[in-house]
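Worksheet: the structure to be examined is printed underneath.
In this document, chain identifiers A, B, C, D and E correspond to the written order of the chains, with residue numbering beginning at 1 in each.
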Amino acid sequence: MFEGGLYPYWIVIFLMMTGLYVVISRDNLVKKVIGLNIFQVSVIMFYVAMGKVRGGTAPIEAEGFTIYSNPLPHVLMLTAIVVGVATTALALSLVVRINEAYATIEEDEIRELEREEEA
Amino acid sequence: MTGGEADLITRVSDDLPALQIAVPLLSAAICLLVRRARAAWAVAMVVAWGSFASACVLLSRVLQSGTISYAEGGWRPPWGIELRIDLLNALVLLVVTGICAIVLTASPRSLDQEVWREHHHKFYALYLLCMTGLAGMTITGDAFNIFVFLEISSLSSYALIAQGTTRRALTSSLQYLVMGTIGGTFLLLGIGMIYMVTGTLNIADMAVQLAAVGPNRTVLVALACIGIGTGIKLAVFPLHIWLPNAYTYAPAIVTAFLAATATKVAYYVLVRFVFSVFGAPLAFGELRLDAVLMPLAIAAMFAGSFVAIFQDDIKRMLAYSSVAQIGYMVLGLSLASVSGLTGGLVHLFNHAIMKSGLFLVMAAVVLRMGSTRLDAFAGLGRRMPFTMAAFVVAGLSLIGVPLTVGFVSKWYLVVGAIEGGLWPVAVLILLSSLLALIYIWRVVEVAYFRQPPEDAPEVSEAPASLLVPIWVLAGATVFFGVFTSLSVGLASAAARMLFGVEL
Amino acid sequence: MIDVIHIVLFTFLAVIAIAIIRLRDLFAAVMLMGIFSLLSASLFTVMDAVDVAFTEAAVGAGVSTILMLATLSLTHSSESTRYARPRPMALVAVVLTGAALVYATFDMPRYGDPAAPIHHHVADHYIEDTDDEIGVPNMVTAILASYRGYDTWGETAVIFTACVGVMMLLGGARTFYRWRHREEDEPEEAGEAS
Amino acid sequence: MIRHVILRALSKLLIPLIMLFALYVQFHGDYGPGGGFQAGVIFGAAIILYALMFGLEAAKRVFPPRVLEFFVAFGLLLYGGVGIEAILLGGNFLDYGHLAHEPVHGQHLGILLVELGVGITVAAVMASIFFLFAGRGRSDV
Amino acid sequence: MTVETAVGLAVLWPLAGIGLIALFRRWPNVRETATLLTAGSLFAIVAKVILPAVMAGGRPRLDIIEVLPGLQLAFEVEPLGMLFALVASGLWIVTTLYSIGYMRGHHEENQTRFYICFALAISGAVGVAFAANVFTLFVFYEAITLSTYPLVTHHGTEAAKRAGRVYLGILMGTSVGFLLFALVWTYLAAGTTEFRPGGILAGQIDGWQLIVLLGLYAFGTGKAALMPFHRWLPAAMVAPTPVSALLHAVAVVKAGVFTVLKVLVYVFGIDLLASTDASRWLTWVAAFTIIAASIVALTKDNLKARLAYSTISQLSYIVLGGALATSAGVLGGGMHIAMHAVGKITLFFCAGAILVGAHKTEISEMDGLGRRMPFTFGAFLLGSLSVIGLPPMGGSWSKWYLMLGTVEAGQLTMMLVLMASSLLSIAYLMPVVVRGFFRPPTADGHDDQDGEDSPKIREAPLLCVMPPVLTGIGCVVLFFYADDIYRLLMGIVTP
């Protein structure tokens, strides 16, 4: 009953928006990075979902299978995962440095410190 | 030279589009390996100027024999990835590589001051990566490939921005990273949706397939996603909040480079998707993109300039000015006419020149004064006469004084607005340039008519290594303001091509 | 059967996502993030994307988690509650975006529909001709390394870029600070580097 | 850490196995799931495990950061080098068909090499990044 | 040297002078000689090479470059521009002489910058005069604005900076906001911006658009100081007096009214204006400015401020002449450019000479000064008479033609305005002369200089006094040479 529907997309969108919400609403920088991760993984899920073919198998040629799921989205998402981890690594190293410079990883505390600095 | 060698050279020169990307990317790895600051700089210099030369060759080829298509891996598009160079991206490529080379030439002295020397070779590696990413986004003919190269350029620019001397560079960089990643991911999502309904990733092919699909809800939202994605990288008005911080706290060299290239390429990507994928009739006729972008562009023009007026830090002031100038480019797009788009594209070219010039002036001022606060400019007109003269020239261009590039852009924008019957928009364009007059003139007034404090340290003129690039750019603002056949010729030809107007 | 697995996995994912929003203990959040990745990997397997699943498991559950834990050990392990407040605007923005995306789905091909355009045109070629042209049974590898080898090179460059970036940010800590300190002595500097 | 003798003994056993598995994933990617990236991550994980078990300094002695830095660049160069070599042999960039006399052989060779390049870079990157994070805790002021 | 080259050379000549000035910045005497030589040779080029060609009916044209399609940087000399170029280059010589006396007598700083900017402004003025199209004119118009800004803020004091802001703000604001807009509009409507006899807009745009476009031009030319965009002129009074002379007589304001006149004649065409009445409203604005500025002038005690408002009033004569859209009106307007220039520069020179010699700026303090400074006050009298428009002064001719113009246009109200304005100008100019010559000196000393000031007051240095005397005589001479100007300008109305 579900295959052939749209529900996987909806759930993926829900997850995506959860991630986005974490990014926007949380002040903790690590939390933000986690949110970004959820957001990205959800988009990856979206791609993979659209590559799925009903009754297909993994796109590795083997005897006895004729229907394969679409390999192209998988390829793209391998790249996207790499991009994701690269971004995460860079973001986390920034968080570490920010913590060294401000002794906090809460965005609003940082903003307060910056405001004091300017004044 | 033997026949074999000659043959090899022709063959390799056919592969110029691939080498345009491959060589800088490989050189970035080499920069990491050479470890010495000046050696890495030398490598980067050779590569950057080589890239520029190659971009010139590519441009002349496009002019001679039309669009160049190059199949990476020898796989025909749409199965493989295609590099596709036409008038539009040849122009953008020229800007990216040219500015990259010039700014790089100016970099050593400024970096010595702002970046730890042990990091210089990595800095140059990232700098080359950033250029490669931008150039890759520009000339690729594959939608997903745009995303990959976008991330190369983004990640390298986050790291470069974080090298600023104050701790706020770190927070600015992270802020940019978070927004940029969201933007990149939205772009990915948008590309995915088009891929979903067309089954292809090749941009040219997408356009063909999409025409058959026609406008539907998925396509509309895909356009919105791509708009948000590129809009964040482009710093379109409400999505611009990362830009002032990033430009202010990044090392001056990085700002000069990014301000002139990163947003421009994002603009290019937006234009590419709107015209080459969705097509003007769909994007403007059915999906009313212009109605969304125009108010934002106008808001950017005024908000950016207005906030710029009240900045005490001139680097930050110029950053806000960028927000406004990006508004002009977006306005050109949203006018949805050949003249308007010509204005937008020509402003892409022109703004790159003048903004990188202005930010290099900031680099010189930081080098000598240690600060870019307005107070630091007191009496600089006398103490750094050549630097400040360049500031005035580029500043006049920003205002849009005739015989500078800024005038040329504004001319086309105003013409586009009037042609489209949008009289109030034409008036607003002109009014907003008066705001530019105000913020530029604040600096001029302080530099020339305020005495430096008694205890001010002696400062000398900027070193030649900075001064020459500054004046190349300042000279270019005038040169291309008078001899417009290259910039305007290309931009209007590209605009006509995008609108499918035959000459 | 497949449907049941889908539903269970999706439900878990949604629950974990919400738990991550609410948790203040960052260690727990990071661990949940790892589980989230693992569950997505399972989901990817169900969706026939074994390569993606493998990678997601190694990266999302492995590398990312380790890096986050390392970060937490260098910083703080729990989220401050001082400023905890609801963000209605964020919620509205997210709900609107989500609504727009859901709106988009109505013109999308149905999930798993073999007739969807995405499965034809380009994809057909890969599935049918990979064996002749490249001779590698794993189509994903063939596309990844050859048809779209340029993308993969770009991907390698991305990870390279990130590495150089991290090197610049975290490399040479002590010397780096000493160098920064030199800046602070100069009067023009605001002395912002700590 | 020192006291976890069993853990250390176990990991001495485990780490070579993991590395072997990485190599398997690396070279079996043509036939089953896996490839350079996954292999690189697993290999990197082995190094990370070594560092966790035997301490950062020990790990740095075995895998000196300078060497890792070299491999970070080397993988990328290898990949790009294959592409350039294809140009020199008369093909387009990354056109592996020209690497050998027969296109399919060339494709095999090319894929092998570029996957190796990816694997090397990714493994070195993963290890480097971990070292940098771990090292930050100690030398921090 | 062909006439065409001479046209280009005339624009570039002052720039060459700048090179010399910058080169000799350390040796003031050489520097000033260089300026004088440049000025003299420029006048020679304009008067000896270009003028004969134009008098003979030639229209030498020089195309430089096509900046944008249909938008050329080009020069073409026609009678009106010829006259303006003559005035600008001729008066540059006297102004330079005067500057030497004034700047040294006043111990001003940054003199090199002063001379450089001055030369730039003259280059801009010649460019405006010779511009072949609105675009070229706009380019040089902005060049004048920018190059005179450092002159206005010359002293660098807060007041000077404030004045500079007003100056730049209004001039740039109006030019970018209105003039550029008008330029684009003209370009789009007519497909060109070339100045052509008879205009280029006939048949291109209709009724209300014509009026709006005219308004954009008239108010966009902020230098013409039509009310309400006149504020910059009095503000700029903080500048050294030679600058005021430049602003109010030679380059800046004349460039403004010249632009208006030229646009009326060569873009709109007086036939078009006459047939559509599109410029009727402009005559009223000009008339209002004439009267209102004269009345304000009456209230000013500061001599330079009074002269500034007098300038605002006189400029509108020229605008009025054009707006009447009759040949006599245009002739009168054109002629008034020259006549007012010579008259007003005399007055400003005198004001400066009084400042240098007696350190007085307020009219109420000038009682009896005429006896100690007879040449200065004599010259002031001559200049005043010319501005008022009494024979045998040059100014009387231009007024005569303007009056003819009002008759031709059938706008007798405007004639009344002109007459009233003449009366008003008597009222605001004559008291200065009267006080100077007929009031006893204020020996009682209500100001702080009291007893000491009497011995101090004497004629300013020779170089400060000679120029006003020369230009004062010039006012008389012009009365007798008006016919030549008339013949030159006839080329406008009968091409």
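Here, a contact is a pair of C-beta atoms (placed from the backbone, for glycine too) under 8 Å apart; a residue touches a chain by one contact, two chains touch by 3 or more.
Fair warning: this is a prediction, and the values are worked out from it, not measured in the lab.
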- Message: Under the stated touch rule, with subunit A ignored, which chains end up grouped together?
- Response: one piece
- Note on the structure: At minimum, the number of touching-chain hops separating subunit A from subunit E is 2
- Item | Steps needed, at minimum, to go from subunit B to subunit D via contacts | 1
- Message: Based on mean C-alpha positions, which chain is nearest the centroid of every protein C-alpha shown?
- Response: B
- Message: If I count C-beta pairs in contact for every pair of chains, which pair wins?
- Response: A-C
- Greatest centre-to-centre gap (Cα means) from subunit A is with chain E
- Item | Of all other chains, the one whose Cα centre sits farthest from subunit D | E
- Note on the structure: Rounded to the nearest Å, the gap separating the Cα centres of subunit A and subunit B is 28
- Calculate how many whole Å lie between the centre of subunit D and the centre of subunit E, each centre taken as the average of the chain's C-alpha atoms. 79
- Can you give the whole-Å distance between the Cα centres of subunit A and subunit D? 24
- Task: Return the distance between the CA-based centres of subunit B and subunit E, expressed in whole Å.
- Result: 45
- Touching two or more other chains in subunit B are residues 25, 29, 32, 72-73, 144, 148, 151, 155, 158-159, 162, 167-168, 189, 195-196, 201
- Task: Spell out, as numbers or ranges, the residues of subunit C touching 2 or more other chains.
- Result: 50-51, 55, 59, 63, 67, 70-71, 74, 101, 105-106, 108-109, 116, 118-119, 122-123, 126, 137-138, 140, 144, 146, 148-155, 157-167, 169-171, 190, 192-194
- Item | Overlap residues in subunit A, where contacts from two or more other chains coincide | 16, 20, 50, 58, 60, 72-73, 76, 78-79, 82-83, 86-87, 89-90, 92-97, 100-102, 117
- Message: Please list each pair of chains that are touching.
- Response: A-B, A-C, A-D, B-C, B-D, B-E, C-D
- Message: Using the touch definition from the top, list the residues of subunit B that touch subunit C in their complex.
- Response: 25, 28-29, 32, 72-73, 75, 78-81, 116-119, 122-123, 125-126, 129, 132-133, 136, 142, 144-145, 148-149, 151-152, 155-156, 158-159, 162-163, 165-168, 189, 193, 195-201, 209, 213, 216-222, 224, 369-371, 376
- Within the complex, subunit B is touched by subunit A residues 16, 20, 23, 29, 32, 36, 39-40, 43, 46-47, 50, 72-73, 76, 79-80, 83, 86-87, 90-91, 94-95, 97-98, 101-102, 110, 114, 117
- Note on the structure: subunit D contacts subunit B in the complex at 69-70, 72-74, 76-77, 80-81, 83-84, 87-88, 90-98
- Message: Taking the touch rule as given, give the residues of subunit B at its contact with subunit D in the complex, in rising order.
- Response: 8, 11-12, 15, 18-19, 22, 25-26, 29-30, 32-33, 70-74
- In the complex, subunit D residues that touch subunit C: 29-38, 41-42, 44-45, 48, 69, 72-73, 75-76, 79-80, 83, 93-94, 96, 103-104, 107-108, 110-111, 114-115, 117-118, 121-122, 124-126, 128-130, 132-137, 139-141
